[in-house]
Structure formats: structure tokens, C-alpha cells
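Look at the two complexes coming up: chain A is in both, with chain B in one and chain C in the other.
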Partner chain A sequence: MLGEGIIQGLMETARNFFGSYVEKERLVTVQFPEERRSLPEATRQFPFLLYDGDDPERGLRCVSCQICEKECPPRCIHIEKSKDRKPDFVGKQQFYPAVFNIDVSVCMSCQICVEVCPFDAIRMDTEFELSTSDRFGGLLWTKRELARSNEYYRQIHPTEAGECDERRAKELADAQAKAAAAAAAAAAKAAQAAAAPAAASNGAPGSGAKSEPAKKVVTQ
Partner chain B sequence: MSVAVAPAFAADQIFVALKYWLVLHTPGPFQTLVSILLTIIPIIVVFPALFAVTTVLERKGLGRIQNRYGPNRVGPWGVFQPLADAVKSLTKEDIVPRSADHVVHYLAPLVLVATAFLAFAVLPIGRNMTAVNLDAGVLFFFAIGAATELAVFMAGWSSRNKYSLLGAMRAIAQMISYEIPLILSSVAVIMISGTLSTTRIVDEQAHYTGTVAHWNVFTPWGLAGFILFMIAATAETNRSPFDLPEGESEIIAGYFIEYSGFKFALFFLAEYLEMFAVSGLGITLFLGGWSSPFSFLAWIPSWIWFFGKLLALIVGFIWVRGTLPRLRMDQLMNFAWKFMLPMTLVVIVSAGVWRFLPAGVAGSAALGGVIRWLVCALVVAGPYIALARVLERGRKIEKRTYRYAE
Partner chain C sequence: MTSVAEMKAIAGPSEIMEVSMGPHHPSTHGVFRMDVRLEGERVVRLKPVFGYLHRNHEKIAEHGAYLAAIPYTDRLDYLCSMTNNWGYVLAVEKLAGLQVPERAEYIRVIVAELTRFQNHAGLIGFLLQDMGASGTPLMYAFREREKILDLFESLSGARMMCNYMRFGGVRVDCSAEWLDEVRRLVATLPRFLGEFEALLRSNEILMARTQGVGVLPRELAINAGVTGPMLRASGVNYDIRKVDKYGIYDRFDFRVPLGEHGDVYDRYMMRLLEMAETVKILEQALRNIPAGPVMDPKAKLRGLRPKVGEAYGRIESPKGELGFFLISDGSTIPYRYRVRPPSMINLTVLEDMCLGQNIADVVITLGSVDIVLGEVDR
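Let's turn to the complex of A and B:
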């Protein structure tokens, strides 16, 4: 019958209208500033720089290799390399960024800087309430503004941070083992050198038995 | 009026009495001017206020229909939203296109609002509360209603924009097509009451048999005529589902695309004023104007009845807007000429049958009334079913399947 569908449609909308007052689950709107939905773990907005420990200046992981600066498609990263060096987490002497700026008004949140960083120094933040009244200065973030602690990273991306920490712990362990081995080898060498005059008088077998364990460590 | 109903009558006539009291206390030479101003100013204040209320009601209602909250930020439950909207539209920049016809572009919203206000002149919004009691009030209303088309085309043409011109063309085609069923459905009422005066049409309906009023909508031809009138009114005021002239998804805003700031707000105001005016005419013609449906409710002031009915019709408009999607241009025209026009002619025939059938048969008024009602209902329903069959012939309605989506 002509007009039947219109009546059905009107009934449907009436059901929605009255239903929204009775059944709360019909209303899917989240009243944003007061209510917040938890963000999915893969959320990404803009990059930040990671630091270890408490001091964002000393603990900064970035070694100023400038790969991210070169890879950045919209070229929003600006890095100036330091003149001097400081030790990184494994104790190796590295450069650090004297200046590290990201222009977030240019950044397109592509995460390529994160993908290419070999030092786990740059990651994506989940913070999105970033509006500012200062259009140029307020959106040009310096090294100090970009620095975030590893605890914060663990908080916003737990899975990713866990993997990262594991990898770095292994790297550190390897480096320490290597250092220990090197130290042992050096010690053995020194011992050998010290023993050499004695061996000349006492005979070779004693010194050979002494240097055996040190060799094993090196081959590990 | 008897003494017993005096308090109710006083409440009913409070505005009329107030006006006379104020006019009496003004010096002689200014009495005419004050009287005119006291008639006009309430109309200019009350209906835009109703517009403000309606916008927030509409947004809340549409929100609930779509399972949202609607505006709820400005004031408690968002009731001050219209104030925020007013501030916004007043402070926005008023942009006029460089190649526009500046004079016509400037005049169009003013003409539209002025004509929309003029239509209220003949509406009886209460007992003794018609601004101008014209003998040809209904004719005046339709003449003024047709003038809005001029303003719409002025806006569309002077903007010098292809979308605004398209919107204006659509608006003209639609308004002229739907003006015919709008007028023809009210012709039935004019035939029965034998007058074009809106005041007298309401007076005719303000009688009671037993407790039930003689509203036209209680007759078969009146009910069908009212439904057709409201459909045509929806099209006439460019409301959804007949909002092709605006069609924001296809021609952005239609004829008022090049208007911004307060002029844009004026277009919105005019649109809602037209909606109120045409609803007011529908109330006057079919829903008994300011009269109450039952005699035992007659103590409620007449102006409350009028505005109550008006709000009910506005809720209907909002409900329909929240339900139906926009028509296509060919569907719009087919509906006007193949359905609305024949059905309004049928309603006129039914009204004629009603007029000439005797109200009483074999001395029984009730039996005669029922027979007359059934015969007239058959005169409307028969052609409706036949027309529906013809229009739906060869049309298979089935669920649309998508090859790539889903």
C-alpha cells in the first residue's frame, strides 16, 4: 500500500527517539572532555625523544646520527650535531644532538623516523591536545620539550616498550660480556707477559694451563 | 458571556484587553499608530522567539532520533544554544561576491523575511486576535506565500553562482508545483465554510455537537485534505524530505550559498517563519484554529490552543525530517503531478458529496451522520487505493544488494 513504508519509517524513528531516553546503551556518544575512551595502543600523534634515567639532558638516547632528519618526508626535523662526545648506555662515546627541533605544524605523523632509528631514541606520542595560540614558536618543539622518560614510554606503548627494553638489556649484557671478556683477555695477556720471564725458567706447560679459560670466553 | 465563565474569558482575552487599555491611555493623535504597533510588535517578537525555541528542539529531537544527545553544552541541557548561534551569526563576516548583483543580493533576504512576516497578518492566533481581519484572508495568504518565490529567485540569481542558480531553479519548480495541491486542498474548506476569511473559517469550526468540535479534520475529506495540505506545506517551505533547493550534499546550500553571517541567519529565520505561517494556516483551515477539540476543554485560553497545535505540527515536521531521505527531482515532480494533484481533486469531490448529503436519515441524526461519514470516506479511499495500485504497477521493491561493499 502506498505510504506504508513511510509509516514504518516514522515508527522506527519514534522507537529510536523514546528508546534513547530509556536505554542508555543506545547513546554511543562519549562526552569528550569529561569522559574519555582509552586510546588503542597503536595510537600515534607526533614523535618524542626518549631518555634513560632522570636527566633528560644526559640520558637522551639520540646520538645525532641524523638518519631521521634525512628520511623525514616533510623535513620537519632539524638536528645540529654536538662537537664533543658523551658515553651512551653501554658506555661507548657518542655524539649527542646540540639542537633537535621538530616542527609539528609540518609533521605528518608518518612514523618513518621511528622506523629508521637504530638507537631506539625516537618514538610516537599519543598526546593529541596540542593546540596553542602561538602558531610558529608554539608548534616548534625543542629537544627539551620533546624529551620523555622511558617510564612514560612504557606507560603509553607497553608492548612495544617491553620489546625495546628487552633488546637493549640484551645489547647491554652482550656489551658487558664483551667488555668482561676483553678485560679478562687483557688480564690474561698481562699475566702471560708477567709469567713469560718466569716461564723461561720454569717451563711452558704451567702458563698454557693458566690462559685456557680466558680463551674460551673470547670465543663465546 | 455569562458571569460563570468570566475568569476563563478574562485569561482568554488578556492580550486583547491589554492592548485596548494601552491604546485608551495614549493621547488621541497617536492612538492609531500605537494600535498598529501593538498589533505588529508581538508578531515580530513572538514568532522569532518560537524560531529560537524550535531550532534547539529540532536539534535535540533529531539527535535523539539518531541516538545522539544533541546540543547539551550551552546552559542546562543546551537550552541557550540559540543565543550562542545568534552571537555567532551576528559576529561573522558578511561576504558579498565581487560579481554579485549587490542591490538584489542585499534585498533578497529582506524581501524573504518581510513576506514571511506578512503572512501572519491574517492568522487568527486566538479569539479576537487576528492582526488584519481580511474578507479574503486565505487569498492574501497564498498571494504572500507566492511572493517568497520571488525572493528565493532574487537570491539565487544575484549570487552569480551555479549552485545558487540551480537551487533557485529547483526551488521555483518545486514551489510552483506544490502550490497547486496546497491551494486545492484548502479549496475544499473554503467550499464548505463558504468564506475566504480566516476568522470566519475558525468561527465555523468552533461549534460543538455533544462535546466534539466541528473541526474539518474530523471529516473524511478534511483528514485527507489536511494530510495533503501538510505534505504540500512541507514542500512549500523546503523542509526535508523536500529540501532539494538546499540539498547540502549536492548543491551545498542552494540559493543561499553565497550568504554568510546575519543574512544567512535571515534565510533560516524566513524558512522557519514560513513553516510556522503555513502550519498556522493548516491549523486555521483544518484543526479549528484557536478552538478546543472538546467543549469541556474550552476554558483553556484560545491562544494556548493555537500555539499548542503549532508546536505539535512543528514536532511532526521534525519527526518527518528525521525519518525520510531527500527525494530525487523526478520523484518530486511525479509525486506532485501524479499523486498530490489527483488526490486534492478527489478531496474536493468528497467535500462536495459531504455538503449535499443530508445530515439526518429517517429522522435519526446519528445514523445519517455515520452514513455521510462512510460515503465520504469511500469517495476518498477508493481513488486512493486505485491510484496507489496504478503508481506501484510494475515496480518491484526489494532489498538492494551490493556487489563490492559489505
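Let's turn to the complex of A and C:
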């Protein structure tokens, strides 16, 4: 019969219309600004820089190695290395970024900077309402605007932040254990060296060669 | 009132009219222009003009590391970023000799088939919209697509620009909860497909509008290098999942639907049938996915230096054969990078399909080709 197919189609439309009142999967939209969906944990928008403690200037994890700058596909990261150094979380002297800019109008949210960063210093934010009337200054984020605390990171990506914290705690413990061992070895060497001159008072070149390895351990 | 014959006598013999459809015509699915010559409503010449969305994709990839090209491949065919990633990483894996772990292969199949499903659903929605079924089918299609994109977001972090695959595996492992959610979704897909088919399959208006329109003969399809559902609608049994068996496609039991007439209706049905096969593949993959690592331990993210040579990786993307050709000179950046875009090559037969048809049929013929201008112009 002519028109049968049309009636069949209209029945489907009716089923969907009435079904949307009872079945949740037939109506998936939400009224956006009033109603919001919770974002999945993996969501990524734009990068931010992590800092430990309270001071975004001193606690910044970035050591200015510039790997992300080189690997960034659209080259939206600009880093200038500092002249001086400051201690990082394990107490090692490291450079820090004197300038760290991300041009968010160029960034394509690909997360490659996060993947290549060996210092857990850069992560992806979930914030997406970023419109601004200032095209140039407003979308060029400096070090200060990019810095976020570790607490914030734990809030937005709990699983990932937990793994990251664990890794860093282990690193810190290793470094402390190593430092303690080095200090103990140095103390033992020093005691040995103090005892040695008494035994061989005229062997000046020999004692000099002995003290050098001990020094090396300390610097490592 | 003047009759038609009198009007013709007043107007004289009909003239050829040249119409520029696009680049911002809503039916062109992007910035694409058709230079159409019309005699009355009949098309006598049609010249596709593209390049409005050219972004220098290949040259950019030749200036960055191998890793840096992956997010750019997302933006080729921006509806199917997962399959684009796969084509590229397949080429790099061939070049660098990397082995993909079992679990990663399964995850790849799952996300690629989900991509195929959402691409075909979206395409049918748009095609029916072009025919005048405005809104309703597109809304139903996008409702399902939305659910799939949500799954992509919870897996890779982004809905469309997933940037998920890496040479030697995938970026992150999927959780058991994610797999359960996919299972739940896949269980609902056959019902959606049945409804979507019943909505318009036997609709008399649709049949009158599409059958015998935009016919692509089998010989021409082969000669022009057309691939994908368009080639199969013309009756050629050619599916790279079956021919190459890349990844682990030899383990799945699925059929390749074939058309007979090569008209718009066949191309529409081809997408519906392929979606049903996709659901079959998804069910098998979700049943058999093993535990294990998702990355080749030999794979290096940074500083990958494949040995000197060349490789061609090709996959069956939802639109056809998507190929990536790479030449390595042993450095960290590809010496030559070339994409074989299915959208563009399928588009080259547009004139042959449209000659002698009405201008309104050009719109639905173009819609049935399934193009994304990001891939056509690169």
C-alpha cells in the first residue's frame, strides 16, 4: 500500500517522542548553563603548571628543561631559563623558568607536553569557560596565571594525582636515603682520613688521591 | 494566463546558466564549491573546487617529530579521529618495527568500530537532512553519537580530538568500568539501528528521491580509485579489513555488505548495514579482550628514529581507504609524509554521478559521498 512506509516512520517518531518521557537514554541533552554534567576524570582542556606548597613562585616544579617547548606540535610554549638555580623538592639545585608563557589561542589541547614532562610539572586543566574580550593579552598566559597548587590537581584528577604523589614521595625517600648513605660514607671516609695521616705522615700524594672519591660521593 | 509554450516563445531558447554552489552553501558540508553549469535544472557540467580549508597538514608533519603529527591527524577527518590515528601509527609501526600488545589491538578495534558507527550514523542523519527530512533523523543519530563521544572523552580526555593512539600501543589503558559502559551501550545499539531503519527504509518519498539517482557504475568506481562504502555500494567486494587484515581483523566474524545499483539509496543502505556489522565486531571484541600491557616496551615516545626506509600504512576508515605514506631518512622527523585521503578521491567522481541530473539531486549525491573537508583539503 502506498504510504505504508511513511506511516511506519511516523510510528517510530511517536515512539521516540513518548519514550523520551520515560526512558532516560532517549533524552540525553541537559539544559546547559543551569544543568551541568560532571566531567570525566580524564578530561583535558589546557595546560597548567604545578607547584608544591603555598608559594607559586618558589614551589614551581618546572626546572626549565624545555622538552615540552620542543615537543609541542603547534609550538605554543615559550620558556626562558633562569640564570640562577633554586633547590627542588629533593633539595637538588635546579634552574627554574624565568619566563613560561603558553599561548592558549594556539594550544590544541593534545596533552603531549604532559606526556613528555619528566618532572610532573605540567598537567591538563578541566576548565573550559575561558572566553575573553582581550584576544592577545587575555589568551597569552604567563607563569603566574598558569600556576596551580597540587591540591587543585588532586581535586580535578584524583587518580592521576595520587599516582604522581606516590611516585614523588618514593623519589624523595630514595633521595633522602641516598643522602643519608652518602653522609654516612663521607663521615666514615673523614674518620679514615683523620686516622690515615698519623699512620703515613709523609705520603702526601697518596692521601690526596684517597680523599677524592669521598668528595665525589658527597656531590652526588 | 500564459501557457508554458507561450512563455517559452517569449523567453527564446534556454541558455546555459553557471551557478557557483558554495563555498558556504549549507549542503556542501564545509567550505567546498561546485562550479555547476545548468540547462534549466539539468546539470551539464560540474567542477568541484576545493582547497578552501587547506592547512598544510603534510608539510607541518614533515617539520615536527613523529609524535607531533598524531594530534594533527585528528584534524584530518575531524569526525573520526580514532581511525586517523590508527592509520598513521600503523605506518610508523611498520617503519620502526614495533609490535602492538594484544590488549592494545583490541582497544584499537573497539574505538575504531565505535568511530565507524558514529560516523555512519551522523552521515545518514545529514544525508536525510539534505533530502528534506529536516531534524528528526539527524537528532536521533546525534543522540547515539553523543553517547559514543562521551565514552571517548572518559577514555582519552577529548570528545573529538582524541589523540589516543601511540606507536606501539595506545596512550592509556581502559578501565574495567569503561569496558562495562561500552558493553552497555553496544547492547542498546541494535535497537537504535532497528528504529533508525524502520524510520525511513520503506518510505515512499525517500525511495522516489534516491533510487536511480547519482548512479556510480562499477567500472568507473574501480577506475577512479573510489574506496569504502561508496565502492561497495557499486557492487565491488573490497574492504581493507578483509584484504589486509591489519591489526587483528582476521579474528572477527563479520560480513561485507554489497550494493547492486550504486545509486544514492544503495549508499544509504550500505551505511545502515555496515553499522549492523560494526555492532557484531564490537560484541566479539568486548567478549574476547584480554588483560595485559597496552604499550610495546621497546616503543619510545620522544626521539623515535626509525631506520632508513619507507612504509605505507592503510586502514579501512569509515570513509574508505585511508593511507599514510612515510619515508624515513633515519632522523627524528619524517623525510616525506603523505596522506591518501578517501574523501577527496571519492569526490573526484562527483561530476560523473551528477551529469544529466537535476540540481536538487546534486545535493543528495554529494551528501551520499560522505566527505569531510578537513580531509579533502588537508
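We take it that the second predicted complex is superposed on the first by the 176 of 220 C-alpha atoms of A that agree within 3 Å, B and C clash if a C-alpha of one lies under 4 Å from a C-alpha of the other, contacts with A are read in each partner's own complex, and residues count from 1 in each chain.
Everything that follows uses one rule, which is that contacts are C-beta pairs under 8 Å (C-beta built on N, C-alpha and C of every residue); 3 or more make two chains touch, one makes a residue touch a chain.
None of these values were measured; they are calculated from a predicted model.
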item	value
Which superposed partner A:E12 touches (first chain B, second chain C, both, neither)	both
Touching partner for A:E57 - first (chain B), second (chain C), both, neither	neither
Contacts of A:V28 with chain B and chain C, given as first, second, both or neither	both
Which superposed partner A:V116 touches (first chain B, second chain C, both, neither)	second
First, second, both or neither for A:M108, with chain B first and chain C second	second
Chain B or chain C, by number of chain A residues touched	C
Touched partner set for A:D174, first chain B, second chain C, both or neither	neither
Touching partner for A:L2 - first (chain B), second (chain C), both, neither	both
Chain A positions touched by chain B in one structure and by chain C in the second	2-3, 5-6, 9, 12-13, 16, 26, 28-29
Chain B contact footprint on chain A (complex, rising order)	1-3, 5-6, 9-10, 12-14, 16-17, 19-21, 26-29, 31
Residues of chain A touching chain C in the complex	2-6, 8-9, 11-13, 15-16, 25-26, 28-29, 39-44, 67, 71-73, 108-112, 115-116, 124
For the chain C and chain A complex, residues of the former touching the latter	64-65, 67-72, 74-75, 136, 140, 143, 146-147, 150, 153-158, 161, 163, 171-172, 188, 195, 198-207, 301-302
Residue ranges of chain B touching chain A (in the complex, touch as defined)	61, 64-69, 72, 319-320, 322-324, 339, 384-385, 387-388, 391-392, 397
